[in-house]
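Chain naming follows the written order as A, B, C and D, and within any one chain the residues start at number 1.
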Amino acid sequence: MDKELFFELFSQTRVYDLEQPRSSGAPLLPLLVPGFTYTLHRRHEEGTGDPRTAASGFIATTEHAGTHIDALCHVAEDLCLYGGEKVTFRIQTPTGFTRLGAETIAPLLSRGVPLDIAGYRGVDWITADQPISRQDLETVCLHQNVTLHEGDVALVRTGNGTRWHDPSGYLSSGGVRADASQWLADQHVRAVGADHISWDTDGRVDPDLGTSLPGHIILLVRHGIYIMENLFLEDLARDQIYEFLFVCLPLKIQGATGSPIRPVAIVPQQKSKNV
Amino acid sequence: MDKELFFELFSQTRVYDLEQPRSSGAPLLPLLVPGFTYTLHRRHEEGTGDPRTAASGFIATTEHAGTHIDALCHVAEDLCLYGGEKVTFRIQTPTGFTRLGAETIAPLLSRGVPLDIAGYRGVDWITADQPISRQDLETVCLHQNVTLHEGDVALVRTGNGTRWHDPSGYLSSGGVRADASQWLADQHVRAVGADHISWDTDGRVDPDLGTSLPGHIILLVRHGIYIMENLFLEDLARDQIYEFLFVCLPLKIQGATGSPIRPVAIVPQQKSKNV
Amino acid sequence: MDKELFFELFSQTRVYDLEQPRSSGAPLLPLLVPGFTYTLHRRHEEGTGDPRTAASGFIATTEHAGTHIDALCHVAEDLCLYGGEKVTFRIQTPTGFTRLGAETIAPLLSRGVPLDIAGYRGVDWITADQPISRQDLETVCLHQNVTLHEGDVALVRTGNGTRWHDPSGYLSSGGVRADASQWLADQHVRAVGADHISWDTDGRVDPDLGTSLPGHIILLVRHGIYIMENLFLEDLARDQIYEFLFVCLPLKIQGATGSPIRPVAIVPQQKSKNV
Amino acid sequence: MDKELFFELFSQTRVYDLEQPRSSGAPLLPLLVPGFTYTLHRRHEEGTGDPRTAASGFIATTEHAGTHIDALCHVAEDLCLYGGEKVTFRIQTPTGFTRLGAETIAPLLSRGVPLDIAGYRGVDWITADQPISRQDLETVCLHQNVTLHEGDVALVRTGNGTRWHDPSGYLSSGGVRADASQWLADQHVRAVGADHISWDTDGRVDPDLGTSLPGHIILLVRHGIYIMENLFLEDLARDQIYEFLFVCLPLKIQGATGSPIRPVAIVPQQKSKNV
């Protein structure tokens, strides 16, 4: 490839930021309290005699607060992780997992496909009594004229992203049904994501799998497909972007069950230039 | 731009991971103790009656542990931040800054230029008594046949990256002198980085600025240029990569003085294809 | 003193526990979020081959969550601490105070006098519009037939202790007015305490001092009298105990602005024995 | 009992503080990293317009850092706790234990008996190759002319307390052998303590119990006797105090496996007065 061309192409892209602002008080599953906190203890202050001062603080956060990705060790089915290995004290330790932790997630640079379910339904957001089905996904693919390929990243829009500052509203919204998670797995996507607290609709027990949050078993444990939660998909929807280069660089936190992330969608400019 | 071409180009790239593994016990400035910790408290366990189990934990970290980027609020000169605004209690709060915090750092997608000083000098790593000078940078640019452009990201290799598992060795190594920081600022780069704990050589007071860590004042405060520390540059050096697409997506941690990062270098494949 | 007598006397006492249970979700001033958290990451688990297993976790807490004592460095008036010393960067550091921190609080073993204001008023709890006045304290002393002596510990009962599990109710209750704090200071007590989130009624600005929480200035800064908050005084009130040996052993947390505590009231048994 | 007498007796006592100063950098078992940290983020600062300012911070600590008491849930033998109950997910949860947590430890007000083994041996401290045996305890009891009674608190002095500021020295010292722990259990003491990081000599596997730290099984699991670690016993030894009122008020941290403590020894004054 011609290097000049490569850099030239990049100067013609637009970047969409898919991370919600990261702060205390954001929507959080009760299990994950206290979520995220930042406190500043080193300060710029007078009188030290040094013209330079440095400020710094501490971040305390569960890896599942805010916009984040689930590592494969996050969920087990019948105490087995993705790949079938049984969870033992050698794999699950007080300071994290020795298999399938966040540090094993390679940088994600893939074709990204957003599926705007709320937009297609014409609703502000998906409600818990009308979660997203396989039929929804297939219909929206047709409507948007996109096909999912192996290795793609599929981002499902519930419309919930506008409610980040309304935690109780945000937490109450509907997510993705088990049949829809299974259909995405069947497309061999590499990762999925949503503007939703937990991908699956919280609190619903799936009759087939006999568990709540069935998509977590289907995607993480059975297929090794990463799940991203609390994405911000509003700008993509507004601009009707249906395909992009998805970039997500999870922190290599050794043994963690996930990582905070700031994913972006890189979109070739519309006013296309002859190459 | 042709979308097909855009995705095709991307399938022909190689990704270099520039983050050191993130774990407890990594090299750390004493001021930043205890640095980084991850503990796992939600566990996969038997007997719950639910086939699905979820594990999760807590990350406790200063924003300056491991591979990270400094936000502009991190450093002040005579109590003023970049842009000249005076630090007051409205700007510097117990829970972070209301100006120039990590959330104001846009995604970095720029041309990246590594400057392999250790390689050019033929040493394993830069020692504290021979820190990197402006002359070093200019010589290496010539040697590598690269020119820094406005908006580029310059990554300076001290060779220290191999010593991540040897904290005392890592902490003792030499960094970048004030004249070199000033020269980089003069090239109007957008960000700089190094495989070093603090960019500047720790503990040296610069005679002109009358402060330790002078590069932090020159770059962050006087020019608004971000500094990245504890990068892993060994693979780039080994493969003699001298130009790439640099991608870094700092977390939008409201008010924080920096963010942990996982930067990558995206390199068009050598075996170029006709386009 | 006769040692035998000393231990015999102690075998005839009753101990009242004045600490509220310490857990996440307890009443908390919004400024102090996230308050208290305990997470368990080292676990008893199978398969290690060692018959002995050990479990342990982490406590993350502000020193002002739950039942606690304020150190003298907690509050300043016009940037001066108790004793008049100006707060500078040498006294107030990122890791705590070098003067008047929690480690300077000697064990408190003093005569304790509870003043049951809610009981005397015949109300369940003191409301914010009827805070406790100097008159209340004097009247209750007469009614209980007690006199405060120099060095005593005065514990003011608002009745709020029954609402520990109702944070919004607990936070809304009334506290102690400035004139009452001043009167207690005039009695030269060593410490005061209440079953209240902040001693003073939260949110009320005192017209004379021109500040909210005036008792904190009067007691901590002007008189060096410790304040204890979130005490549990219900059992003492039920049993109409009006005098006891108060014991409180604050942790010597270097530089902290307070300490969690478990104070007790030791009461000689009523059915007195001839000595 | 005569109240006047009770308070008069107390005015004739001397209080010995048995807590080591609580700060970062104190001796710590590697398993418990990062131990204890205090950071101050709310500050006294200029310009707020309010004469009153309040400072506060966060304590992050394992319950086993510094001077502390082990709750009975801290240790299990063959996955059973004291009393024989099996550890299950209902008893051991992500946020602590539902049985035998620190909140179940009643205030300790008991006769205390220090056993000065280092003093009797005439050594500065007990070394790891000469741990404290049952024979040592019995000999010292005779030498000090004290007898342990049921319900007493026995405090074993290794002499280590002077090395609190020398973590590597402190960690290397010898502790109490299994036979000595068993003998103390046979005396039906309520609690034991030492000026030692882990009561037992760290790293030694007991041949009979087939485990390291056998005293933790004997005392906590088999007999329900609390263990206190990192006590400061030097002042008691210097003054040759052999009996006192021991007071320790563990925080009621729900579900925690222990609590930081500040125990004191209350000693009737020697210059006895006629009562």
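Assume a residue touches a chain if its C-beta (ideal position, glycine included) is under 8 Å from a C-beta of that chain, and two chains touch if they have at least 3 such contacts.
Here the structure is a predicted model, which means the values were calculated and not measured.
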| said: Need the graph distance between subunit B and subunit D over the touch network, please. | reply: 1
| field | Self-contact between copies subunit B and subunit C, residue sets same or different by half | value | same
| said: As a multiple of 5 degrees, what angle does the CA superposition of subunit A onto its copy subunit D give? | reply: 180
| In whole angstrom, what separates the CA-based centres of subunit B and subunit C? | 46
| said: Based only on mean CA positions, could you tell me how far subunit C sits from subunit D in angstrom? | reply: 24
| Hey, how far is the Cα centre of subunit A from the one of subunit C, in Å? | 45
| said: Show the residues in subunit D shared as contacts by 2 or more other chains, in ascending order. | reply: 24, 37, 39-43, 45-46, 57-58, 60, 94-95
| said: Quick check on the complex: what are the subunit A residues that touch subunit B? | reply: 1-3, 5-7, 9-10, 12-13, 15, 17, 19-24, 31-32, 37-40, 42-46, 50-64, 73-79, 87, 92-97, 103, 106-107, 109, 111, 209-214, 216-217, 243, 245, 247-258, 260-264, 266, 268-269, 272-273, 275
| field | Parts of subunit D lying in touch with subunit A, wherever the complex brings them together | value | 39-41, 43, 57-58, 60
| task | Using the touch rule from the top, collect the residues of subunit C that touch subunit A in their complex. | result | 24-25, 33-35, 37, 41-43, 45-48, 60, 88-89, 94-95
